[in-house]
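Heads up, the next two complexes both have chain A, just with different partners, chain B and then chain C.
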Partner chain A sequence: MIGVGKMKQYTNVLDKPLTKGKQEVSLSAFAFLFSELVQYNQTQVDNIGELERRLEDAGYAVGARVLELLCHRDKGNRRETRLLGILSFVHSTVWKVLFGKVADSLEKGTEHEDEYMISEKELLVNRFISIPKDMGTFNCGAFVAGIVRGVLDGAGFPAVVTAHFVPVEGQQRPRTTILIKFAEEVLHREARLG
Partner chain B sequence: MAAAIYSLYIINKSGGLIYYKDYGSAGRMDTNDSLRVASLWHSMHAISQQLSPVSGCSGIELLQADTFDLHCYQSLTGTKFFVVCEPGTQHMESLLKYIYELYTDYVLKNPFYEMEMPIRCELFDINLTQAVQKDRVAFLGR
Partner chain C sequence: MPPVAPRSGDSIFANLEHMNAELFTLTYGAIVRQLITDLEEVDEVNKQLDQMGYNIGVRLIDEFLAKSNISRCVDFKETAEVIAKVGFKMFLGVTASVINWDADGTSCSIVLEDNPLVDFVELPDNCQGLHYCNILSGVVRGALEMVSMKTEVTWVRDMLRGDEVYELNVKLIKQVPEEYPYKDDE
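Up next is the complex of A and B:
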């Protein structure tokens, strides 16, 4: 990594300033680490649903931490309380910190009121991953879905979040859609707030 | 249209064929033949290292025959990449290095790939197909 040598070393992590600093890490290093995470979890499960759940749980822990850090760093210890606010926070602020860019799109589900979708043409975690045919619709984006669930849950918007491959016309590779289905109470509260 | 490449082989460090692809009709082979060529090349490569009068020889890099050229690239871990192509085809060394790059990206970073086993990765296939396009190969040589 460039510039690592110049960084001041802090013995206590709490002394480290929360400001941004150099944020990029090596993509290869991340890809290998993530690959090992998936391989390790694969040895611990006996079906694909279970693997998806474990990846999601790993992401949840990341999401909870990311929310805390970003609220403190970017928002002066405030967090979003409205549905659209928190969604755009995930779509732009969180995505930018984690993946270096905002997500490709944020849409409202057409069929259900409580569903929202964040789509990404090529999700960073899936950059080097080809899913074998026998694993069906499994998507390693489950990890990212977990991150989103961690952020939302921590901010008081419990939701079920899943990752899906969606074929795109004229493209060889499908895009990944993170589907967010909010709990009933969230929508009730949102309606009350007007 | 692929450049004048007849076929591409990747063999693991023990001589097993883990990837084979042929381009065009010339020199097409069935599965058994390709496996045989792979292990034959693996042994020849090993023998050439020992027979070489030069010390520190890393094995055959180019075999020139009347009807084809065979370019070989061996990675540090012993995985060998080789292409059989039309005699006199240019830029094959850089193509092989680029294919090795694709292998490290789309095969080795894929959690569902088992080391030393046959390569079945969609992303590797897609990127490889693009790499062997005629104009891309010329670009690599620059």
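Up next is the complex of A and C:
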């Protein structure tokens, strides 16, 4: 019979060795799946805000798991404890694993001390999405914002994270900016640590 | 008709754009969890996953036909082989095999040993009735319906329930004849 002797049975999923994370699926498989996620959630809400919140929640669950996975596999069971450390972890490590590349940019907000922005010219989840006119500022990047919030929250950096389209001069499609606004306690702690 | 050359999805998969399977896996997990929270009943979740798969299947078949260069399959046997060897490979990067044909060639099992949907997954006690991968059966059903085959797709074995492999029974219910008249090339 197929599989006998080849496949080791684990009684517990935690006994299983972690894969290296090199396995790939086709981008369209993900695009199809993501589109179903969005369409399903559209049936569950009355307005855009709620839709974004639900996508963000779905992303949050992914982010929490990504943090755990990457801390075990890529960081030798350590995680970042400083603000800039965790931001660059998100911008580089997390982005590279999830999207195959480092994010296009990481910037500090000019007006507010507690705001940071991660920008991506063409966010993976928005690649095959065009927003109908009647849905206004809706951005599927809410899912990615959720992932970022999940990672940050899990690492002890609670924040409000939102996704926005930002028009780029000379480009037809806007880029997506993930805006991170850290909770007050995070900045206080950071200041104390000096 | 020339004999059918052995087909494999490897080269097609290699030419498509890829992405990390873990984001795919975790996103699917997020969908399943969201459904369990919203619908509460495991049976309803199974149904919804199947429906989502069906929706994907009816769209995915277009991309499959456009990019795989597969010509018309002569019979259901060949169709099943193509799904297993090319279809699964092309989209999920894994190969499946076809076993357990019945005598008249209308029912078989597609067996998956490797399944990117289930990494990190364990079914908790209150979800034992869940067909976690039910989206896949929906995809197969939806895709086949678009090429005039009504099928019934059910899970026979499931590794999350302690089996050695994933086994998907595909049963051809009826072949819907194409609508005549269609325009012949003149």
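We adopt the following convention: the second predicted complex is superposed on the first by the 176 of 194 C-alpha atoms of A that agree within 3 Å, B and C clash if a C-alpha of one lies under 4 Å from a C-alpha of the other, contacts with A are read in each partner's own complex, and residues count from 1 in each chain.
We take it that a contact is a pair of C-beta atoms (placed from the backbone, for glycine too) under 8 Å apart; a residue touches a chain by one contact, two chains touch by 3 or more.
As the structure is a computational prediction, the values presented were derived from the model and not from experiment.
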Checklist entry - Is A:187 in contact with chain B, with chain C, with both, or with neither (first, second, both, neither)? => result neither
Checklist outcome for this item: Comparing chain B and chain C in the superposed model, the one touching more of chain A is C
Item to check | Touching partner for A:97 - first (chain B), second (chain C), both, neither | outcome: second
Checklist entry - Is A:25 in contact with chain B, with chain C, with both, or with neither (first, second, both, neither)? => result second
Checklist entry - Looking at the overlay, does A:84 come into contact with chain B only (first), chain C only (second), both, or neither? => result neither
Item to check | Touching partner for A:135 - first (chain B), second (chain C), both, neither | outcome: first
Checklist entry - Touch check for A:42: first (chain B), second (chain C), both, or neither? => result first
Checklist entry - Does chain B (first) or chain C (second) touch A:168, or do both, or does neither? => result neither
Checklist entry - Once the complexes are superposed, what residues of chain A are shared between the chain B interface and the chain C interface? => result 28, 32, 34, 36-37, 39
Checklist entry - Of all residues in chain C, which touch chain A in the complex? => result 13, 16-24, 26-31, 33-35, 38, 48, 52, 55-56, 59-60, 63, 90-93, 97, 99, 111, 113, 116, 119-122, 135, 159, 162, 164-165
Checklist outcome for this item: Contacts from chain B onto chain A in the complex sit at residues 105-106, 109-112, 120-124, 126
Checklist entry - Quick one: in the complex, what on chain A touches chain B? => result 28, 31-32, 34-39, 42, 128-132, 135, 140, 172-173
Next on the checklist: If we count contacts the way the header does, which residues on chain A are in touch with chain C in the complex?
Outcome noted: 1-4, 6-7, 9, 12-13, 19, 21, 23-30, 32-34, 36-37, 39-41, 44, 54, 57-59, 61-62, 65-66, 69, 97-100, 124
